[in-house]
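For reference, chains read A, B, C, D, E and F in written order, and residue numbers begin at 1 within each chain.
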Amino acid sequence: MYRIGEKPYPTKIMRDKLYELILRGERLDGRGPYQYRPLELKTAIIEKADGSAMVNLGGTKIIAGVKTALGQPYPDTPDQANIVVNAELLPLASSFFEPGPPDEKAIELARVVDRCIRESKMLELEKLVYIPGRSVLVIYIDVYVLDYDGNYFDPAVLASVAALATAKTPLYEVKNGEVVLNPDIRPSLPIRKVPVSVTIGLLGDKILVDPTSLEESAIDTSIVIGWSDEDEMAAIQKNLQGLIQLSVMDEIIRVSREKSIELRTKLMEAIGRVGAPL
Amino acid sequence: MLEKVEHRLITEDGRRIDGRALDEMRPVRIEAGVLDRSDGSAYIEMGKTKIYAAVYGPKEAHPRHLAQPHKAILNCRYHMAAFSVEGRKAPGMTRREIELSKVIREALESIVILEEFPRSAIDIFIEVIQADAGTRTAGLTAASLALADAGIPILDLCAGIAVGKVEGRIVLDPSEEEDKRGEADMPVAMAPRLGSIVLLQLNGRMTSSEFTEALNLAKKGIGVLYELQRKALGKKFATFTPAGEE
Amino acid sequence: MYRIGEKPYPTKIMRDKLYELILRGERLDGRGPYQYRPLELKTAIIEKADGSAMVNLGGTKIIAGVKTALGQPYPDTPDQANIVVNAELLPLASSFFEPGPPDEKAIELARVVDRCIRESKMLELEKLVYIPGRSVLVIYIDVYVLDYDGNYFDPAVLASVAALATAKTPLYEVKNGEVVLNPDIRPSLPIRKVPVSVTIGLLGDKILVDPTSLEESAIDTSIVIGWSDEDEMAAIQKNLQGLIQLSVMDEIIRVSREKSIELRTKLMEAIGRVGAPL
Amino acid sequence: MLEKVEHRLITEDGRRIDGRALDEMRPVRIEAGVLDRSDGSAYIEMGKTKIYAAVYGPKEAHPRHLAQPHKAILNCRYHMAAFSVEGRKAPGMTRREIELSKVIREALESIVILEEFPRSAIDIFIEVIQADAGTRTAGLTAASLALADAGIPILDLCAGIAVGKVEGRIVLDPSEEEDKRGEADMPVAMAPRLGSIVLLQLNGRMTSSEFTEALNLAKKGIGVLYELQRKALGKKFATFTPAGEE
Amino acid sequence: MYRIGEKPYPTKIMRDKLYELILRGERLDGRGPYQYRPLELKTAIIEKADGSAMVNLGGTKIIAGVKTALGQPYPDTPDQANIVVNAELLPLASSFFEPGPPDEKAIELARVVDRCIRESKMLELEKLVYIPGRSVLVIYIDVYVLDYDGNYFDPAVLASVAALATAKTPLYEVKNGEVVLNPDIRPSLPIRKVPVSVTIGLLGDKILVDPTSLEESAIDTSIVIGWSDEDEMAAIQKNLQGLIQLSVMDEIIRVSREKSIELRTKLMEAIGRVGAPL
Amino acid sequence: MLEKVEHRLITEDGRRIDGRALDEMRPVRIEAGVLDRSDGSAYIEMGKTKIYAAVYGPKEAHPRHLAQPHKAILNCRYHMAAFSVEGRKAPGMTRREIELSKVIREALESIVILEEFPRSAIDIFIEVIQADAGTRTAGLTAASLALADAGIPILDLCAGIAVGKVEGRIVLDPSEEEDKRGEADMPVAMAPRLGSIVLLQLNGRMTSSEFTEALNLAKKGIGVLYELQRKALGKKFATFTPAGEE
């Protein structure tokens, strides 16, 4: 049930090798334990989308696109716009991914991205309501993994947030009780926060930020932490089997906070919001 | 649309709507060996949350190409009955159920000694017949007990509980209303003897210090559940009643 | 096509053994040929459902829940409420059941339960119409087999009927052409009949009521008969491969009628309707 | 909404809307060997009900793990064309089609000598191109003939027909309108030489004595169909015309 | 991905045999290279359909049925009726066809039939609009392959076109802004063109019209050409793997045009429109 | 409903809306080796159409019963991103995507020397991230390059382009608007060195002589793309800029 494309068996030898390195503060690709791979971020690459972004994090390449449409709100949030996140691990991206409807990993990815955006209150969803309970903006975020070398969570969040933050969406207005399109303006979405996520691998009590695909196959477990801003987490997801020693949790939180600040700074630069008030 | 005047969730003297203290969990009933056909089973009630779990295996992995030469594979399905929630859940697995099946399976993979059964499969089925908050952690708690009931070698039992942030306060085992209206919900599961976390999720906002407080509170609740599991294994069931109701 | 989870091959040896016993009026678990296993029935176990019941028949455990909602009637029955029955053979219940959408056995079970309820005219469906052709009550009956030791038909009907007979449903009223909820009262459903079904296994010309899982694997075939009341059948379903000798049909009908009266009495007691007019 | 004044289904002198007597079936045409690619095939018309059946096999069971070491497995699909009914049936198998596939397969499993072909599969496809009542029994009748046409060893041919209860009277081979507006519809199929029932369903209310009457009436109709099947096997087709239409 | 029921490997020996024959202008079943198999066409065989036709082309038997209903037009064609074509390769028809939802071959067949009808402008779809943008006729064409001995494209188009050309559909009228059924008349559909398709197999630079199943397994490739009328093509579909030498294209077009005229004449006769203006 | 006054697609001096001559294709960029995980890959831009293609294999065919004893099987999936089109394409394969996957696969099967890899499978994935006309032919062009980049033996590269009939004129590489409002759209792909067509479809009306003209025009465009493919293989990317834009 729901375990298509399982990760290969974490070999004991590779685990030992990695652990030995990490004890010396080293990694296979020359990075330090707390160091991210090179990050590239480009926005507005899909003219037909309202917003889009392509992120390369080392050898992992992810594209996200934002489209909007008019729709009905969910019954329990009549006064909020809807967010719909879909993620696909394209078979293009890795021999471990198979064609077909999203498997449990793709669904988890979509739901973690969704949580980072929704729980951080990134968007002022209440501003995108035209007729409460009846007509709101529906924001579709579609995330595709095009090339996969480990850690799809962080670049998926980066690409989604960048696509949202740079989107130009249709403007709807209420006229005589009807919702009509104003074709003259395409405003930005109302942004409140800029969430980012930080993925941390664990080898015993050792931390290893932004694991590669090879590292993922050997680490004990991993955890993704989404940060709304410098001080507040918005989402956590332990993923992969394996134990996290309680004694390491403080360090995990500390490191993830630090790295989230670093990522957010890069993201703000890339979307041209350096120092700009949100 | 009516103006909704929402009542406070926590009173001035630190009590919750259902009368519990902030660090108090709901009444619990845990029972092992409740379903005859399965190799191991358990039933849990936490408040109105009611869940069955059953284990089949170890058995031959099927289809064959999924078999692992050096260990068992573990399958897990977390599923909710159509009538278990407000409204009616459509039949079929929702995206939420698929995600929870995955995180619960990964939690259990952390404690089962899979290497004991090469080329085998162990199936775990969790059936939520009533959902009233905390179903993934209660389901995991029951599944862990069902594994032990099936005699499958595990490193430790694991148990789980949610902690929440409600009106700025950290609370144990949030009710459905607290979950919906609160600021954060954090399901946690641990293998106590191993001093380790096996499941951890957060939906909602928390600072680092709130997180630490929440994790400690979860640990306390998990300790209680862990004891109930161990008792249930011996005499087949165990209950917890909050102090106020005794 | 549609034969997931096939029953194991009925071994010749087991069949001979059972036949030998039944010739002496005996069965493996000590019952007589026409004897049901112990029956337990509990209602109102799911607070979030309008009605619910759990039935244990020997080692077979089934839960049924009833939910209602407003909906449109079917085009060919504009003046009747809708019944929707769904049944699932949970993989929890037996190693012969597999996860996934309902297979042919689960669909058959749902449709037999549906027929027992619908064809017996158990519910006064015409009383649950708010605006003919446009707005009626939709009654969902969801049946789950939790533990399976043979004969899911009879306990599924018992649980469904008990859940319906004890349900407290929302009251809708028509005000100014609109259907509105009256939050003050939760009435019972209007009940006309109390159908029950009786499952009979056959070994040649020998009858064997309420077969266990082991017996099911060895009998020649089986038949389910639903009775609306003491005198009228509402549904029949021969199920499992195999022949029924024409000469046994009279006896099958006679026995099933007798057992149906016995089951109905137990059911009425359990739902607290002993002697009460329906 | 118009007031519907529904006409009587049975006249005072015991005739039905389409002029038939209560115990009279519709015109029938049965033909064997109608489709070239299959190993055996048949076509049946009963009134406006029109059905093809084809048999493939015995052949290797596929996928392999479904193969039975000591006998053949039998697969059966009863399917209706989108245009076969009033309105348009959506493509894909409905729950009704899945159930009928099962009961028809189980009926045929009762007559095919499966033990002759260990590890094999026999596939039976029934395609309803027009549905006007009695399709499951007509489909089964055609499928049984297609099995014989394929040379597959069977204990007996089987044939089926529905009986109904309409305005308190038991009638043979109900029309679509009688089926819809009547009190009961009872599809029955028998292997006449074996004196046995292979398919039996009831939708609707009947007393024990009505049931006995209905079963006897079905037996009569089945006898006619059985003879037509046997003729069709020899000369490839056979027809039945009600007396009144001759 | 989408390759259920793949055709068997084209054996080299059979290919050589066919090629040798075709060089002499011969084929296995005695036909000439440009000769169709015997064609039979019967209409109005399904009383419950608005139109229907059964076509036998040699050993290939196909039935098509037409049903109509009221519906909404597609957003990009608010002033046209909808056509919906569905095709199924029934497992009845060949051991190469499997039960289940339409596979890539069935979908291709449906889409080629659709294109022949749609792109030829066969139907005056703009005449079947009741309220532009809101209410139009929806025309369902369902095609079933009942027996398969090669070339399902041409008989599928013939059956579909014959079913459409002989259909008697409900008449809808607009009264006070409402679309209502006029129960007195069942008019024909407004027909403008009578498209037919011609399927051509290729062995190197040799043409072979209307290939059988056996020929299909040995030819290099094939191409289907739909003709609106004597002078205009409406659809082309190269199908099957393999190369078409550019130098043969002219001959393919010439032959297909010639055969299309022949097929159309037979079709017109069968549907009783000989010489009648359309 | 507003009266739509639609502008002409071709001006009196034979220019198209986007300024191109009738026989002029849009700017093209082709790049090989763009995705690291795959065995071969390519990226193509034709106007705003943007497509990735990747090849995995040859590798063991899976599931096994699909394996062919004497050759490799080739799988192909043509898929569009949800945001690639106007509006939002629902996730999952549409009937159109399934058909195009088939015709593209059949085109590629014509050039890959499948007999070199018995019992193997080669997977080709085409991902349209923006669709602005001509996606099937551009996708095929990229896929063919990805196969070469993967070092898989092919008889020839193949390239494809659409030709259209717009306001009575035959045009090369129609834009989305020309495709929608024109009379015909004809995707063509060739293996130039083999002098052969590998893909050919027509949607819309054309006479024999128009067809010949269209085919010749396609051949011209394909020649340009073929050169770009060859260059890209060497230096990993190549571009074409229409004369007017240089």
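The rule we apply is simple: a residue touches a chain if its C-beta (ideal position, glycine included) is under 8 Å from a C-beta of that chain, and two chains touch if they have at least 3 such contacts.
Not measured: the values here are computed from a predicted model.
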item: Common touching chains of chain D and chain C; value: none
item: Of all other chains, the one whose Cα centre sits farthest from chain F; value: C
item: Chain centre separation in whole Å, for chain F relative to chain C (CA means); value: 57
item: Length of the line joining the C-alpha centres of chain A and chain E, rounded to whole Å; value: 48
item: Set of chain C residues in contact with two or more other chains; value: 1, 99
item: Contacts with two or more other chains, residues of chain D listed in rising order; value: 77
item: Chain F residues touching chain E - in the complex, by the definition given at the top; value: 1, 66, 68, 70-71, 73, 75-77, 93, 95-96, 98-99, 101-103, 105-107, 109-110, 180, 184, 186, 190-191, 194-208, 211-212, 215, 219
item: Complex contacts: residues of chain B adjacent to chain C; value: 35-38, 41, 48, 50, 52-54, 56, 59, 77, 79, 81-88, 91-92, 123, 125, 127, 129-132
item: Contact footprint of chain D on chain E as seen in their complex; value: 45-49, 52, 59, 61, 63, 65-67, 69, 86, 88, 90-95, 99, 101-102, 140, 142, 144, 146-149
item: Chain A residues within the chain B interface of the complex; value: 1-3, 6, 9, 76, 78, 104-105, 107-108, 110-111, 115, 119-121, 132-133, 221, 223, 228, 231-247, 249-250, 253-254, 257
